[in-house]
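To keep things clear, I will list the structure first and then write my remarks on it.
Just so it is clear, A, B, C and D label the chains in written order, and each chain counts residues from 1 on its own.
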Amino acid sequence: EQPLVLIAGPCVIEDEEKTRSIALYLKNLTQEMDIPFIFKASYDKANRTSGEAYRGPGFERGIEILGAIKDDLKIPILSDVHRHEEIERAAEILDVVQIPAFLCRQTDLIVEVAQHAGVVNIKKGQFMAPWDVRNIIEKVLSRGNDRILITERGTSFGYNNLVVDFRSLPILRREGYPVIFDATHSVQLPGGQGTASGGQREMVPYLVRAAAAVGIDGLFLEVHPDPEKALCDGPNSLYLESLPDLLEIVKTIDDSVRKTKSTTL
Amino acid sequence: EQPLVLIAGPCVIEDEEKTRSIALYLKNLTQEMDIPFIFKASYDKANRTSGEAYRGPGFERGIEILGAIKDDLKIPILSDVHRHEEIERAAEILDVVQIPAFLCRQTDLIVEVAQHAGVVNIKKGQFMAPWDVRNIIEKVLSRGNDRILITERGTSFGYNNLVVDFRSLPILRREGYPVIFDATHSVQLPGGQGTASGGQREMVPYLVRAAAAVGIDGLFLEVHPDPEKALCDGPNSLYLESLPDLLEIVKTIDDSVRKTKSTTL
Amino acid sequence: EQPLVLIAGPCVIEDEEKTRSIALYLKNLTQEMDIPFIFKASYDKANRTSGEAYRGPGFERGIEILGAIKDDLKIPILSDVHRHEEIERAAEILDVVQIPAFLCRQTDLIVEVAQHAGVVNIKKGQFMAPWDVRNIIEKVLSRGNDRILITERGTSFGYNNLVVDFRSLPILRREGYPVIFDATHSVQLPGGQGTASGGQREMVPYLVRAAAAVGIDGLFLEVHPDPEKALCDGPNSLYLESLPDLLEIVKTIDDSVRKTKSTTL
Amino acid sequence: EQPLVLIAGPCVIEDEEKTRSIALYLKNLTQEMDIPFIFKASYDKANRTSGEAYRGPGFERGIEILGAIKDDLKIPILSDVHRHEEIERAAEILDVVQIPAFLCRQTDLIVEVAQHAGVVNIKKGQFMAPWDVRNIIEKVLSRGNDRILITERGTSFGYNNLVVDFRSLPILRREGYPVIFDATHSVQLPGGQGTASGGQREMVPYLVRAAAAVGIDGLFLEVHPDPEKALCDGPNSLYLESLPDLLEIVKTIDDSVRKTKSTTL
């Protein structure tokens, strides 16, 4: 059995220097805490609520920055792809290629990612029942790739709100692939600020602890040294400095749950 | 700060002997585990899906059985009331009087319970936002009663399904009263078997662990020595024998979470 | 086949004079438009969001007022009951006794109403799938009463919001009893004003027209000469003066739909 | 004011002959009934539930077939695009280019379509509040294109189910662009058949009538001569032969509603 992994980083690459310093902080912290770590950052936020919002440095410059950080820090990198023409080159640099939630039904994107990526991270769509993720898995497997992660990130619940149905975690785990809990997007309030999504950062620790207690294989968190000034998803990003305490309690809960004899029902 | 309390028992009184033996088992188990315990059993299931279903021994006989068990075993007792004429006498026997979820908007019932009951347990309706529980609390307080418990039991999510929004637990706790997580009714599938509600017993341990990790003051569980033969809510009742392991992990998680420095966000 | 009936009146009896004048206006209007009419007013709003809110004149005075209006104006009367001790006497005066939505699972209330009432109007709970209304119907039938109306009034949709699933109307009609569309409560925003429910009066005409086009047996509307000053449910009550135009278009749509050959699918 | 338009055709091009004969039937029917008509067919179902499902003839062959039908029958054509590299050529043939619901947040796709398309049809995502469509409209307008249609197609409601919130139609119309009601996808049961979406064809006439009564600018319907044998979305496609009766009642309701003086609320 694998220990719980942390996938973390800023929502988007704001600049190389800031991105690298976040990565370095996370690398050191997780090394110290003995937590396997994958660095996450997007180079292009292709589906912002508003067309006016900051999107990132774009593919060319972004993948270059990620490649440089990977080489320098010797850490595995995850990022998400939105356009077919990016997939092949992205997969050369990235250790994990992520299928965005809104795109988790796009067959071509999935199979192309499956073909090129080392590992595929499927984000479950907000509109999808957990048992329907099996069809996405099948699309990935159809290209002979079985290095799959599945990420829970909340489900549509009325308007401008998401709810995490924690029953989904054991349902998703039955598929036999590692299940990641994305706390950051689970507390998004989609479109909740008119021209941007809102978020409930204060709810992240509660949901993270709940997920660890239910049982997960990994945790996905967007972090920022100063979320109030973040160029994307600030309201639901965690302060970097709050991470050590949060990871501490997560490890404790995770250890306890893994030791539990599976309860007779 | 109070330790986590367990409210548990069979969904309904099936007969005095069986009810007493469940109570005794729970008393001994919780004493051994050093968990404060309140025994729960209903005398009348007044809102079964079908009019044909077993409802219990009725008020007179039921309250007599509960009184006898209370005297013999020296344990506090919780039960729910559905009719005004029951309230005063029920409150003489019961330590905690419970407002059923479907009735949580019935002003008269709430204020009469508030007037007579030692402690009032408000079950949040399936149709209610967590912040709207404040109005129910006000109704109880208006009778000078501030011994209040608030119970989370899931929220309507499409048809024949409930979801637990774990963000509700910290929201409810802000009101300043102990918050109980009712795992049994949270995994109900309302009306899901045509003429009876279904349930997902296998999900109870996951949600119980999640609730403990988020932070609660108490746990509500319906249990039965043989849920397959239970006369009410069998599909979501726990096997008595699975309780010790479940309480063990709950205690461990609860301890860890209480020790946590509240995370800087 | 029966023509479309209108059930209308103020949310609550504010005083005898005002209530009578609304009833008279509605009687004259519907006579002129050749629409069968049942007058609706509540004597006690037993489940207001806040315990401080106006509830009405109470049972004794309220039923007296309704009886007087019935005698004077020779119109059938509908009202809702919340307490067992009211049922028998209420049923002597009322032509239709209504089971409130929150109480549609309370078996005793339903069977006692069934036993005494001329006609029973079942309001489908906000938490209930349309196919589960069959169980309520069975409870009514178990007392030998088959004079049943079923009322659609919206379904929980996230927090503080309801949605009308218009698929429910044909599903409910399959049961063989007249189906009423309650536009007023369908546009309620439960708890949406903190200590009172909000409402979207401006949406009433749209949903009323939709219901008539889908096919219904009756329409339920709360009206007020000055909704801004109404003591209950003002935000979703219609201005009395807007009723003639609305009923005109409803009649036109209803006529068209009834003439339609049922479409081959 | 423009008359109500019909957008209709098969879900996917199965073969040229069948597609052309459906188009011809629809052209003749709508000419006879004096209904403006746009022919709809997809060349590539890029987001089928299962990767094994039939997707269509593909872009090259599909756009050729649509071009031929357009030239021969002199009818405007709508189809949907999923990949950037298709947009420019698709827009040369198509009169209306459709943004799929799952892709309605993909900024690049939207602005590229806006740049090239004569008319852009935005399908509102199942995960989106109606007032958030304004952000998509802004993305289209940012390329100087204001020939916009907005299509309602239902909203996530629990798992494997959608609900149409008919309040969305007037909300969407406030934006000032024609609003289309897509009855076919509104009755989809997403993923409801395990490896394919189910559907409720029998609900289409009800929802279509409701939409016409609420007030729309156009109707979107997928049709098939034999839906039981359709290669895509059969369960929610209409029998071609049921269309005349359905359009008849829609026209009648639409006429009545347009003549209505807007009701004073």
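As a convention for this text, contacts are C-beta pairs under 8 Å (C-beta built on N, C-alpha and C of every residue); 3 or more make two chains touch, one makes a residue touch a chain.
No experiment lies behind these values; they were computed from the predicted model shown.
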item: Intersection of contact partners for chain A and chain B; value: C, D
item: B-D against A-D, pair bridged by the larger set of C-beta contacts; value: A-D
item: Chain B-chain D separation of Cα centroids, rounded to whole Å; value: 48
item: Chain C-chain D separation of Cα centroids, rounded to whole Å; value: 36
item: Centre-of-Cα separation between chain D and chain A, whole angstrom; value: 33
item: Overlap residues in chain B, where contacts from two or more other chains coincide; value: 155, 157, 159
item: Touch-based graph of the chains, sorted into line, ring, star, complete or other; value: complete
item: Contact footprint of chain C on chain B as seen in their complex; value: 46-52, 55, 82-85, 102-103, 105-108, 110-111, 125-129, 131-132, 135, 138-139, 142, 155-156, 159-160, 190-191, 195
item: Contact footprint of chain D on chain B as seen in their complex; value: 157-159, 161
item: Sites on chain D touched by chain C in the complex; value: 155, 157, 163-167, 169-170, 187, 200-207, 209-215, 238-239, 241-242, 245-246, 248-249, 252-253, 256-257, 260-261, 263-265
